[in-house]
Amino acid sequence: MTRGFYIGRFQPYHNGHQAVLERVAGEVDEIVIGVGSAQLSHELENPFTAGERVLMITRSLAPLNRPFYVIPIEDIQRNALWVSHVQSMTPPFDCVFSNNPLVMRLFAESGHVVHCPDMYERQTHSGTSIRHRMLAGEPWEHLVPEAVVEVLREIDGAGRLRQIAQSD
Amino acid sequence: MTRGFYIGRFQPYHNGHQAVLERVAGEVDEIVIGVGSAQLSHELENPFTAGERVLMITRSLAPLNRPFYVIPIEDIQRNALWVSHVQSMTPPFDCVFSNNPLVMRLFAESGHVVHCPDMYERQTHSGTSIRHRMLAGEPWEHLVPEAVVEVLREIDGAGRLRQIAQSD
Amino acid sequence: MTRGFYIGRFQPYHNGHQAVLERVAGEVDEIVIGVGSAQLSHELENPFTAGERVLMITRSLAPLNRPFYVIPIEDIQRNALWVSHVQSMTPPFDCVFSNNPLVMRLFAESGHVVHCPDMYERQTHSGTSIRHRMLAGEPWEHLVPEAVVEVLREIDGAGRLRQIAQSD
Amino acid sequence: MTRGFYIGRFQPYHNGHQAVLERVAGEVDEIVIGVGSAQLSHELENPFTAGERVLMITRSLAPLNRPFYVIPIEDIQRNALWVSHVQSMTPPFDCVFSNNPLVMRLFAESGHVVHCPDMYERQTHSGTSIRHRMLAGEPWEHLVPEAVVEVLREIDGAGRLRQIAQSD
Amino acid sequence: MTRGFYIGRFQPYHNGHQAVLERVAGEVDEIVIGVGSAQLSHELENPFTAGERVLMITRSLAPLNRPFYVIPIEDIQRNALWVSHVQSMTPPFDCVFSNNPLVMRLFAESGHVVHCPDMYERQTHSGTSIRHRMLAGEPWEHLVPEAVVEVLREIDGAGRLRQIAQSD
Amino acid sequence: MTRGFYIGRFQPYHNGHQAVLERVAGEVDEIVIGVGSAQLSHELENPFTAGERVLMITRSLAPLNRPFYVIPIEDIQRNALWVSHVQSMTPPFDCVFSNNPLVMRLFAESGHVVHCPDMYERQTHSGTSIRHRMLAGEPWEHLVPEAVVEVLREIDGAGRLRQIAQSD
């Protein structure tokens, strides 16, 4: 039995994440998903709470044919302790999937196997560009799973983002 | 759709927890389980990491016919902020199930509906008595779900507890 | 112009504190009152929030013929930094009034003048004994200023304490 | 009896703050003033300690015909917990006065009534512009209450700001 | 080149520590000494600051014929992260010397080689018994290196301990 | 006996630091060196752990004819407490050597004597320029002591920096 780890901030969770996880599901038996910067919310770069992001991910992955775990991971501001922090909060995993150079370095220095999955249409499918579209009133719903559209509607996600954006 | 919240330290997860959650599953559509004191491990009262506890709970609840979320909740040492902390880490919930007077008070003061489920053979089914049995080398496996026995065997749970117990 | 500093946890504020502060008011021009362990509440030893304690003190001192400042002071768990922490949160003061040996030592080591005021009927006028009376359902109202009785009634102080006491 | 809440960083407290609070005083019985980012000082954007700011505000508001509370509020870096944090440190309040979109959003999401007072000559009356004047050696004393001039003179406020500004 | 790690709270540093380190010096090329609970001081169980303890140790080890490093280690209250925390603050080491079961477990779980040195007259040579002697006014100077007697005299160590002991 | 204090981040330790400390060694009997931002590592501005920096400094200063102490100092994000924090972690010192205006201000406000040593070829000898050279693949080894070259080679310092730099 193999378990793989994947981490992101998921602000919000989008089709790019979904495409990566569907491919990862073909390579491991179980997936552990870390929701990074879990303590942040109501910020321009981090509008949604960890709980809201857990909901987006869990609903979107329901059709996936693999057991998975969605775990909020608070920042600890100390890179040298971060891998131990992640490991303490998650079920044990055998390998890491990441495109982030710092994440890759930290796991590699601690002796983990790190895979670098191909990313899916990165230009359009990024949290940054989706948040910009929400702020500008442009369509963004086609870039995220249907379940994410529902969650963001329930919590007035775009409204929150637009109000926060008025702060300097 | 209703969602219910239940919290414990689950050191370890046992049949008493399982019995309560099976009954809760009959009253709500989805269950959010908070794994309290998530930051603690390798202590006499808190031997297992949050990740190990997430694994015990998720595997034990797999047969349950309800969607559920298992979320590590770190202590924040400030009771007046604790409900907001829990809410930020979890999907929104409609009611709380708890027998802990402090948890009941904090959620009630913040306007939540709190239910007090009957507990299952409390005397024998408590984390404290199970940890004592592990330390004393007495049988404890019949007090926890099969999946918990497996997890504790993999991580040498009883061995860890016994070694830590030698500290004064 | 001289300013004096006095600190306590004020769980709750009582006639003993009031008697000391009335005497201190005769010796300095302004009084700075630190509300210690400000982050704690909803505990058996610390049932009331910093804000509730600020309210008790401010109302009770209103008749006092001296300007005063009531400042919540969170614990920092590092004795060697505590005096600097207090100083950063309060207007500058010239002397300290305290009967607590640790507070006296810390301020003395940092070069402050420390006075040790006589305490007022210490046996009956202590937070501990007043909380015990609340729990036991015995009269306690005569031990605190009238304003404190009002505040505790508004926030259901005795009820909160009794419910919390049911936790083990 | 109604109590209103107003928060700022007050680096330093100036005539714009004073004008708003004088108007708020006409609408509520008591005012609670939160001194935000209380833990910061000796920075270009946050030169003064919480205690120094408490002193500026308390002296400036002395002539006001309303009871008021001046409470340092440390940052907690978690927006979702911030309203509970503020509430734990302050006497209970009925409404909030703020022009800050994030503050307005956080209090609104937690069910508070939020008022948006007109600001007073915002261009010249801002902490930023007053600190720039101090650094440039231009006159700033006419932009703050007399009491603030006194406090800043006692603590060598402009000197501290100019020395700190030499750091890169 | 081999480097060994040894940790203690050193409240105060005594002949038992010195005897262990002299033996360790015969087995490794360099010694890294962690000063645990570095953030604590002015407590009955932890009277001396990290800096005072660094001074005691450095002076006592000066005659030792081995390079050594004396590093304050603050508690992080999370056992699962503690080994990474220690490693981030210290030069890399090859093996650990400890008699503490928790320290031994944590280093072993992270893959380190752990040695368990014989202790030196443990009954009389313990921080606890030396602090009790200081409090009782009994002789303790023969239980610690000469350099420790000097440091404690300079900082009025016994006086500090006795004053703190008056707190309840 | 006089002891002097000097603090830096030492990312990495270079010939400029070495030149200053050699001159300081002529003015005091012992030197206390604080390794600032000790908790940071694996960042573009802070690539090396505190332990790695302790090693660089200790080896480089070995030929110095003065006793010295190398102490990691974690950030506390509160300038008003910083001097007390430093003092709690270090042996007592009589004077401070610094060119940093904030460090100079904080120590001066707390009553310390502060000296401002001449800096050594500041343009080329700065952590920033050395890290830029490492990133660009330009020679940097001549700007640091021989011992630093060795340490950075052992930990693959330049490789770490280059990988981290690929993060956004």
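Things to note:
The chains carry the letters A, B, C, D, E and F, assigned in the order they are written, with residues numbered from 1 in each.
Please note the rule applied: a residue touches a chain if its C-beta (ideal position, glycine included) is under 8 Å from a C-beta of that chain, and two chains touch if they have at least 3 such contacts.
Predicted model, so just to flag it, every value in this text is computed and none were measured.
Chain pairs A-D and C-D differ in how many C-beta pairs they share in contact, with the greater number at C-D.
Of all chains, C has its CA centroid at the greatest distance from the CA centroid of chain A. Per-chain CA centroids place chain B at a distance of 46 Å from chain F.
For the pair chain B and chain D, the distance between C-alpha centroids works out to 43 Å. Our note on geometry: chain B versus chain E, Cα centroid distance of 37 Å, whole angstroms.
Multi-chain contact residues, meaning those touching two or more other chains, occur in chain E at positions 39, 41, 49, 78, 80, 87-88. Viewed as a contact network, the protein chains fit none of the simple shapes, being neither a path, a ring, a star nor fully connected. Of all possible chain pairs, the ones that touch are A-B, A-D, A-E, A-F, B-C, B-D, B-E, C-D, C-E, C-F, D-F, E-F. Chain D contributes residues 76, 78, 80-81, 83-85, 87-88 to its touches with chain B in the complex.
Across the interface of their complex, chain F is touched by residues 39-43, 49, 160, 163-167 of chain D.
Partner chain D is touched in their complex by these residues of chain F: 77-80, 100-102, 104-106, 109. By the touch criterion given at the top, residues 38-39, 41, 49-52, 54-55, 58, 62, 67, 69-72, 74, 87-92 of chain D touch chain C in their complex.
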